[in-house]
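Look at the two complexes coming up: subunit A is in both, with subunit B in one and subunit C in the other.
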Partner chain A sequence: MADITAQLGDTAASAAVSSRLGWLKGGRFPVFLVPVLIFYALFFGYPLVRIFWQSVYGADGFTLIGFQMFVEEPAYWMVLVYTGILGLITLAITLVCGYAVAYWLVTMDKGWAVLLMAFVLIPFWSSGLVRTYAWLVILGRQGILNSALIKFGLIDTPLAFIGTNTAVVFALAYYLLPYMILSLYSVMNGIDRNLLLAARNLGASPMAAFRHVFLPLTRPGVLAGSYMVFMLGIGMYITPAMLGGPEQTTLPLMIAIQINEAMDWTFAAALSVILLLVTGSMQLMANRFLDFERLWGGAK
Partner chain B sequence: MNARISSGRLALAIFSCAVLAVLIAPILIIFMVSFTPTEMLEFPPPGFSLRWYEAYFGDAMWMRATRVSFVVAGLTAVVSLVIGFAISVALVRYRFPGKALLRMLVMSPMILPKIIIAVGLYFLYVRLRILGTTGALVVAHSIIAIPYVVMIVTASLYSFDRRLEWAARSLGASPLKAVWLVTLPNLRPAILGGTLFSFVASFDDIILSLFLTRLTEPTLPRQIWVNVQQTIDPTIAAVSTFMTVVSVLGLWLVALAQKRLKRPQ
Partner chain C sequence: MSSRFPCQNLLAAGAALALSLSAAGASAEDLTILSLGGSYQENQSRYWFKPYAQETGVNVTEAAGYNFANLRVMIQSGNVEADLVDLSADSVKALSREGLLEPIDWDSVPESCVSGIPEDMRHPYAFPTIQWAMVMAYNTETYPEGPKSWADFWDVEAFPGKRGSIGATRPPVEQAAMAVNPDPQQLYPFDIDAAFDKIAELGSNIVFSDGYAQVVQFLADGEVDMIIIPNGRMVPLIADGKPVAINWNQHLRFPNFFVIPKGAPHVEAARNFLNWVCEPERLATLAKPTNYGPINTDAYGYVDEDVAPLLPGNPATAALGRVADAEWLGEHRQDIARGWARLGVR
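After this line comes the complex of A and B, so read on.
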């Protein structure tokens, strides 16, 4: 995955070359795409449209009851606010930890860095469910942490970690940290270290060289990593569901409850539309800062 | 001055090591407790036993879930490779209006909250009366796996030197033969990488499985989910270790294939 991200820069360059060769001038629609487009219209386009439609369609035709319920009940507002705050705190933690680790890995001996990268890649490659379950095993009432604390005589009765904000924030940051480290690492790895040496030679202190030369150059990595962590963070379902209590209800959790327990499709769809609007506006903001052509291997 | 740099450097090293240790610790802990001989999860485990692996591989319910997961992941890999490959070829080798839009459409499941896709498909599948079928889940998983295939295959297509293909053509090969004998062998690492990536994306998915499978025919992650709610049974640790080995091995092979791809051809 790290390799893929690193490769994206090169692909953009070769794209420019291949389009200059101009193998196919003018437009010609590839016919084999027709079944693909039908597939996407049915299984991706329709479901999204259906969510919007379902959100304003109840038992007796057109209704705004779903949105009305949301607007009139402050508890639902709080869920939205909580989801956003959770995303921001997670982002702050992963950014600080991720920047330090990525910087350390980039500035150390290459051989060691490759070895230590396994500590980032193995969790990154493992399933999110397994990694969340691991925290349940560690933080549970009869979990490893409580047993250890009791054994060493630090506490008498087990502490309740599950169902606290700390547990949810921690596990969420844990889950998303590899994304941050990898996007920072791939950008930092491409920075020419001679620039820092040049700054030092011109009389800058190591701190000044870092702040005025290195830090600005890592901006694309910071933005891409933050974008990924925040978007994934506010959409996460299993972490708050498994490690949180009723107090830690996030928007995705509430959508699932409406579908599975309350069976209120209209309200579930309205909540989904709200989540879509939040992520959509994030996306619009990100479009201004992020070069998606590069992020996604731009096809010109 | 120098002392200050190295003390800063030391602090950075200690902090980074601590973060890396926290990153790997939960996975190591699950790995170790899965070999516990006791009824309860104990760390460090007081002995070594394979009883929870026997419990996993001897249990009909767990085996059924494992089979479902492998079948769905295998089919997802095939479906997303075919569709992802077609899209990649269109994106790299054709020019047509709406290309940027197509790319955005195909890549968007990567950042869209998965629960949105799950809810939308749930509405559709209930209406079509195909909720809980294998095919329906394969389609859902393909939607989230195709972006990875497209990412890997387009990268490979761009770096492929098309003059090789033209050389084959000028030496008398038919267009199909040139693609078959020259282009495809060069794309082999990307094809392998894309297939494995979509296999793992499907194998690890929990949210779509939660919404779109039947309780009587769950995938492995959904079965873990159901059991976690009921007990803290070390069998789950054994199953988790098994799942981790499958996905880490799969994605490690993807990384290897990517390395081969990057080597000059």
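After this line comes the complex of A and C, so read on.
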């Protein structure tokens, strides 16, 4: 929990940097931000600039060959589209499951909530590689799921899960679910329960109180969680690499192939920039109808 | 920049300690060798690096695990930390073309080392050591008769069952091409798009994995019945008595080399090591534990009779396959990557 709030705090800080540039117009310079700014510039800003540079500057000078290769090959567009669809489906699943779990956690007795929160956090802290391997063990042709289905006589021959969208989507949703639960939980936890009681007192049914009072108040949590899950989902490498087949090739996988196998760093950088532009434009869109400061700060 | 090889300092410390304990009064010559890690490097270390350090008193430091991309950057940036690197043929081609390798001083290599090395393997910038082979392995319980060719691998009616292969990083394009045109000597050049069409034919009969370890595991677990795999990966399964066999027909051999990167701090020390390790008897020591075949054919005089048939390039099976054309493959990496992307959206 501390982990995620720290992360949210960081983002809030950098959002504050961009929105409060008042010191440029004569305000006081925020000296305490200098170490953070230097850190970001060195380890985030510089590599990012390098990637942009590398995408347009190859061995023979300025070039747009990387972008041209992407535009000319419909298979690469489809990889991008698939990456986006995978992110959206994962988002939908984690939102539905995460909302239910987070609601359940805030409504239950605090002691139990702490214990159950541990079950959310333990997988959150364990290695993504190990957790993806676990899915291999469960979903394999001789895996736990197939063995169980055969034992109970539900199927005769093992079903193929590995190398399917089902395997990738489920493993991805499982991996990202804690992010959704945590962002929803922190917002739901800050909602004054008396508002619901007041609604009931004024004659609303339990369902109406939930829909008209609770649901709108969780909007910032829903948006923050969705945003995080989608962004992490489309950037995920291990899960589609280990559980997917050729049909589950995502843009991050394609970038890795370009770096390690095709050894075309210009194209790899161009693909990275394309992925960045897609996510960046989504952030811009989100900014248009979201108040980020309020969003990251939670409901007040 | 010493953090490029995170384990190097630790290894260096360990090696230094070991040497100060065992080889008192040794010369202070240093040699850093960068290899591929895993059980391959463990055996290299046991049969080559450590005996060399012991015999000569040279301070041998080992580093493991690099990929081509960061190796190239290391040499280009002039910040070279390795004196000797274990490299595949395609990487040798790429690096030597860019002038990033020191030449091999073939005149100084002992004659006893050179005579057994095939003419076409005497690369001006790389010293050939062992070769591995991409072969077919299968479950002998599922197929007592055994598939005999890549055409059989693609024949799902005669040989029902799942197939396994590494996917994105090395799609089985050559094997697919040989399933259509069986003569390995006529393999290159082949139509990469047609090869991917052939791969697509297998549909859900083939399972792709992210790494070779997983492909082998699939065969061991019965998850698949036939795989495309580097022969050395089958050693543990064969040793465990698992019901598996290798089909050597239409195999592809991939030689490995030692190279000296341009700007290496101890070029002389690296050359001295090469002149030591190149003896056929020493090259042969790796055969049994790794099942990688020595490229120097004289080394077969030192290989046990029961091991020789398991080695790529041994006289009995060499003619069934061929050395892969690393240069042609290197030129078509981008086409293969694109073919893989297209395979997914058919």
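Keep in mind that, in the parts below, the second predicted complex is superposed on the first by the 242 of 300 C-alpha atoms of A that agree within 3 Å, B and C clash if a C-alpha of one lies under 4 Å from a C-alpha of the other, contacts with A are read in each partner's own complex, and residues count from 1 in each chain.
Here, a contact is a pair of C-beta atoms (placed from the backbone, for glycine too) under 8 Å apart; a residue touches a chain by one contact, two chains touch by 3 or more.
Predicted model only: the values in this text are computed from it and were never measured.
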Touching A:103 in the superposition: subunit B (first), subunit C (second), both, neither? first
Could you tell me if A:79 is touching subunit B, subunit C, both of them or neither one (first, second, both, neither)? second
Looking at the overlay, what does A:162 touch: subunit B (first), subunit C (second), both, or neither? second
Touching A:246 in the superposition: subunit B (first), subunit C (second), both, neither? second
Have a look and say if subunit B or subunit C is in touch with more residues of subunit A. B
So in the superposed three-chain picture, is A:191 touching just subunit B, just subunit C, both, or none of them (first/second/both/neither)? neither
Check whether A:262 is in contact with subunit B, with subunit C, with both or with neither, and answer first, second, both or neither. second
Classify the contacts of A:56 with the two partner chains as first (subunit B alone), second (subunit C alone), both, or neither. neither
Which partner chains sit in contact with A:217 here, subunit B, subunit C, both or neither? Use first/second/both/neither. neither
Scan A:140 for contacts with subunit B and subunit C and give back first, second, both or neither. both
Overlap the subunit B and subunit C contact sets on subunit A and report the shared residues. 136, 140, 142, 242, 256, 259, 265
So in the complex, which bits of subunit B are touching subunit A? 5, 12-13, 15-16, 19-24, 26-27, 29-30, 33, 40-43, 83, 86-87, 89-97, 99, 102-103, 105-107, 109, 111-117, 119-124, 139-140, 143, 151-152, 154-155, 158-159, 162, 200, 203-204, 206-207, 210-211, 221, 224-225, 228, 232, 236-237, 240, 243-244, 247-248, 250-252, 254-255, 258-259, 262
Touching subunit A in the complex, subunit C uses residues 67-69, 94, 162, 167-170, 204, 207-210, 214, 221-224, 333-334, 336-338, 340-345
Under the definition above, what is the set of subunit A residues touching subunit B in their complex? 1-4, 7-8, 10-11, 14-15, 18, 21, 23-30, 32-33, 36, 39-40, 42-48, 50-51, 54, 97, 100-101, 103-105, 116, 119-123, 125-131, 133-138, 140, 142-144, 147-148, 174, 177-178, 206, 228, 231-232, 234-235, 237-238, 242, 252, 255-256, 259, 265, 268-269, 272, 275-276, 279, 283, 296-297, 299
Residue ranges of subunit A in contact with subunit C within the complex: 73-76, 78-79, 82, 136, 140-142, 160, 162-163, 241-242, 245-249, 253-254, 256-265, 267
